[in-house]
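I have placed the structure first, in the form of structure tokens, so that the comments after it can refer back to it.
Chain nomenclature is as follows: A, B, C, D, E, F, G and H, assigned in order of appearance, with residue numbering initiated at 1 for each chain independently.
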Amino acid sequence: MANEGDSMKLVDEPLKIADREFESRLILGTGKYSDNETMVKAITASGTEIVTVAVRRIDLDRTKEEGVLYHLNPEKWFLLPNTAGCYTAEDAIRYARLAREAGFTDWIKLEVIGDEATLLPDVEGLLEATRTLAGEGFKVLAYTNEDLITALKLEEAGAAAVMPLASPIGSGLGLLNPFHIRLIKSRLSVPVIVDAGVGTASDACVTMEQGVDGILMNTAIAAATDPVRMALAMNQATRAGRHAYLAGRMPIREQAVPSSPSAGMLD
Amino acid sequence: MDSTNETITVTINGDDREIPGGLTVRGLLAHLGLQEGLVVVEWNREIVRRDRYDDVTVAAGDSIELVHFVGGG
Amino acid sequence: MANEGDSMKLVDEPLKIADREFESRLILGTGKYSDNETMVKAITASGTEIVTVAVRRIDLDRTKEEGVLYHLNPEKWFLLPNTAGCYTAEDAIRYARLAREAGFTDWIKLEVIGDEATLLPDVEGLLEATRTLAGEGFKVLAYTNEDLITALKLEEAGAAAVMPLASPIGSGLGLLNPFHIRLIKSRLSVPVIVDAGVGTASDACVTMEQGVDGILMNTAIAAATDPVRMALAMNQATRAGRHAYLAGRMPIREQAVPSSPSAGMLD
Amino acid sequence: MDSTNETITVTINGDDREIPGGLTVRGLLAHLGLQEGLVVVEWNREIVRRDRYDDVTVAAGDSIELVHFVGGG
Amino acid sequence: MANEGDSMKLVDEPLKIADREFESRLILGTGKYSDNETMVKAITASGTEIVTVAVRRIDLDRTKEEGVLYHLNPEKWFLLPNTAGCYTAEDAIRYARLAREAGFTDWIKLEVIGDEATLLPDVEGLLEATRTLAGEGFKVLAYTNEDLITALKLEEAGAAAVMPLASPIGSGLGLLNPFHIRLIKSRLSVPVIVDAGVGTASDACVTMEQGVDGILMNTAIAAATDPVRMALAMNQATRAGRHAYLAGRMPIREQAVPSSPSAGMLD
Amino acid sequence: MANEGDSMKLVDEPLKIADREFESRLILGTGKYSDNETMVKAITASGTEIVTVAVRRIDLDRTKEEGVLYHLNPEKWFLLPNTAGCYTAEDAIRYARLAREAGFTDWIKLEVIGDEATLLPDVEGLLEATRTLAGEGFKVLAYTNEDLITALKLEEAGAAAVMPLASPIGSGLGLLNPFHIRLIKSRLSVPVIVDAGVGTASDACVTMEQGVDGILMNTAIAAATDPVRMALAMNQATRAGRHAYLAGRMPIREQAVPSSPSAGMLD
Amino acid sequence: MDSTNETITVTINGDDREIPGGLTVRGLLAHLGLQEGLVVVEWNREIVRRDRYDDVTVAAGDSIELVHFVGGG
Amino acid sequence: MDSTNETITVTINGDDREIPGGLTVRGLLAHLGLQEGLVVVEWNREIVRRDRYDDVTVAAGDSIELVHFVGGG
């Protein structure tokens, strides 16, 4: 399409995390899809270059097809393991080490959950695990809340990226606290990637307009009626929000200003 | 001196299982029909690197975790 | 781009207004650009197929270059004349007839302004002019406020499309009243195109997510720091919002739901 | 019978102007150096179709509006 | 209470409508109460001085107790008849004349409804009825939408007060469009009283903070679980919003400012 | 006033913190007033029973009038000392002990600040100081952020009340995150008192409607154009929001419902 | 010449009703047991002022509306 | 045995000050003209209870903090 052709000329610096660069600023989770074919189609439509995966026991009694590697080509997408389901620093560290052993990456999306009902992070455990794992050479992408102070400590602890939530995981409530997200972005040097809570395309767009470096989402796409179309919508919305941020929006005025010239009217 | 004919009981992914005695980790994976490249092995809470699959022999009562990547966000 | 390639497969019915069909759901005004080259680049980046123009006196003492037709190729974009600046039905009708005489189209974006400070429509004059012009065979696209009753009367009066505002022209306040816009869309048969007030990409995205048929904007692009990049952002945001609407968003929950499996955790 | 040598005063786009007498609308546009395709003519509040540019002769005191499309939203 | 004692000293000019003055800026509808005793208690708790009533046929076959005058003392509350249920100017005028004939007042809360599903006003009919009734000496309080242009025409047509809606009657959606309400207040000389849509106390409070002269509500109180307590809440919220508007709120800052002195800290 | 008379009958359980009970749910800071007379008038108009004070060095070179006890009668208002300005648990503990030594109370409003620009709490230091001070018998009212996990830990650490912020101290941004505040209230047993960020009366009202036990504010009143009137507004708004919460608001509907009977219309 | 003994049919609030002939409006209200102060009378689409209750006599086929105030918002 | 005539230097609220030697805390407060009920005393980082104002004697080089309540939020 002509317009996307143009977008090619509108360069944006790549998303840099640790030692890697990515053109897309959208990261996708791979959970909760009705089937693997839909998952792959949605991931493709999203234009993402990074997908998250979880570390779980092999089910020895079921078909071996369950492993996500049977469906996702690691040459095509960068696999980012997470520590979802871990409630202590110790557990998260254990899962991170197992994930690294798989041999794909020393990156880890670090989650230390503090409460089962809300899946909100336990920032004390998160900071402890970040210090340990960063010390072991992991590239830690830390899932955290909207608290600036914790974000600053995560950066100091060696996190490669800080991932504040928009709203609780799987809630679809959207960006509850743009002010705090903007605040975090304004104070950190490492990339800020908003993680969790996005529900629809405009949530992704308004999130990127805050100036953050990227977004991670899963349920908004997997639980849409048409996941593949929603994935495309998220692809476009993330780019739109980024371009709008870079373009510099018009000033807001509480008055009207005509778009057509006032001169040259007839008598 | 030859106990390999006997079976032993080990805990794999939380369940007790009978396996042939004397298996190395590589042998165990083969026994379970698992593809080495897609599994990570934790043996008595200690990760076993792939280059040590032949060095570690599973003994009765050992606790083994076999994990891989699944879809997750 | 891979992802836009995919979008090609995700068909959407075209935007149908009167007897014409359009692939893009974004309409651009051509006012207030710093220079004509920027205007043409922005229009191109926006992917629009329809641009609005105003009817004004020729300035006999200035260069003849001022006419917009020196810069916009009517083969490439459908020119939609407006009646901006008209404060009575009589004036708007006069301008509409002059516009038709230019020989490009019998479509008219009808504005009957009620107040200079807010540029809000005078719905009495608007209804009168719509009846008259529709009777003369014009395809009337009527700029109106968020009032459902007026929208229903405009449809009955023969409007080809109803164009409620998001917020005052040139304000950039965004979609002040999504509920009323949704209400109008739910009750009309003719296309509903939101006109005026959009300020940034997320405004366009959330507007399309209400299910409306299209958006018209001018200042949000012309007054952005980088109009061409903002035009691309609006192109993507409009498509994103449309796809998200068609895809069917996830349900909102005031609780968290994990994206990774709870089964298969280690002991 | 021949008044074309004299000039007359008409109101064009709100300003009084001296133009040669006896000009048709087409003549007037040519006199003003305007390209026909890009202008619409209103003559004493009545639109003049292009196919009538030769039929309408401008007389002293006539009020003429010459409009075109400009950028607008 | 000490605090209310203080409020007595914090004078506010009375609410002036036509030739009358009121201390309370809250007007209550009398519909939809579970029983008349609750209605009277709620009206009392609300501190209102004006209650609206509807004009309906006497039911000749039922007890005569149904008339609201059996329960409300016209000495204690000013009865404001409405034209609810009228869909044309002619009907509204007929009801207004009947209401005046009851001998209590020549005030009328004028409603000309345009649509049964939304109960939004028909502004054409509303303007026509306002002109006629104002001409007959009625004090017209006109229920309208958020459109400034219509509000200006209502004032010009002789309305004694203009009553824009916060959101549709009975919806409880609250103040959907504060900007347009502020706009109307800034341009009119007659009192602006927001009518319909308020759902809870904070809706009333934020509405008054826009600077409007008063609020009319019914369902928010009648349909609350505890109507009498909600009536008190609305009483307090309306006063709170008015006082906050008069007091002049602090400036909003996107940064923190300590409330305790920074000097005098220990070493 | 009749209406306030009624409020007397609408009993609400008192606000219970530790071993004390209060009728008012509004707590005021005493900083930043232009003069002490205005401060006392505003505190009186607010109806509060608790005011916070800071611990600072005596200025030996200035008039001794600076101490707040010269202006506030401890018999009339319960003085709640704070640890404002402390950036470590150790400092906060030191200030708390000094405050207790003044002999008025063993209550402390605990602040451990993590960042000077935002005055956001350092939750690690806050938890440490809460554990220590609770262990020494202090009644700790802990100023924290909107994080549920930290709130749960504070309760477990022995806090007598948890005080999440609405938005940064002195910002006047209002309640940025009602969802998280509701979440905290739903999970804690100790009182939840929203502290900081309220800017105007409707902010206080909507905050109390979330079901929290109380509000603490300072700048919204001290920095209003008319602090005494704003204090009254806050008094009323806090009561209004509390009553509205207890009364149970009407359901929200995206459609209209008439307030006047549909039966009994004329032919 | 004296029809007051007969009953006539009129439409009151939309329903046909038999009432004694020759009743004035005041008589009708009394006949219906309605308290004058609380009712407004419309007779054949024309409002009847209270001071004219004795002047207006209800005739067969008349259409009468009797309204009052009810709770409404 | 009598050093009270001499002055000593102590740090009070961060500033060095000359005060008479041998003052107790109570004596110091009196010397500074401070009302006991409104001040809290920290002496070399240790809080001095009011009932110990007579027991503690200020010595040269001591660091003393004298604090009170001020307006704060």
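Please note the rule applied: a residue touches a chain if its C-beta (ideal position, glycine included) is under 8 Å from a C-beta of that chain, and two chains touch if they have at least 3 such contacts.
Everything numeric in this text was worked out from a predicted model, so none of it was measured.
Between chain A and chain H, the least number of touching-chain steps is 2. Here B-C and F-H were compared by C-beta pairs in contact; the pair with more is F-H. For the pair chain A and chain F, the distance between mean C-alpha positions equals 35 Å. Each chain gets a centre from the mean of its Cα atoms; for chain A and chain C, those two points are 32 Å apart.
In this assembly, the C-alpha centroid of chain D lies 76 Å from the C-alpha centroid of chain F. The residues of chain G that reach two or more other chains are 14, 42, 65, 67, 70-73, listed in rising order. Shared interface positions of chain E, defined as residues touching 2 or more other chains, are 29, 31-32, 54, 56-57, 82, 84, 118, 120, 169, 173, 179, 218-219, 222, 254, 258-261, 264, 266.
Those residues of chain A lying in contact with chain C across their complex are 1-4, 6-8, 10, 29, 31-32, 44-47, 54, 56-57, 59, 82, 84-85, 94-95, 117-120, 168-173, 199-202, 204-206, 209, 218-220, 222-230, 232-237, 239-244, 246-266.
Taken together, the chain E residues at the contact with chain C in this complex read 114-115, 118, 120-124, 127, 145-150, 152-153, 167, 173, 176-177, 179-180, 183. By the touch rule above, chain B contacts chain C in their complex via residues 14, 42, 63, 65, 67, 70-73. Against chain B, in their complex, chain C makes its touches with residues 259-261, 264, 266-267. Taken together, the chain F residues at the contact with chain H in this complex read 28-33, 39, 52-60, 64, 66-69, 79, 81-82, 84, 97-99, 101-103, 169, 216-219, 222.
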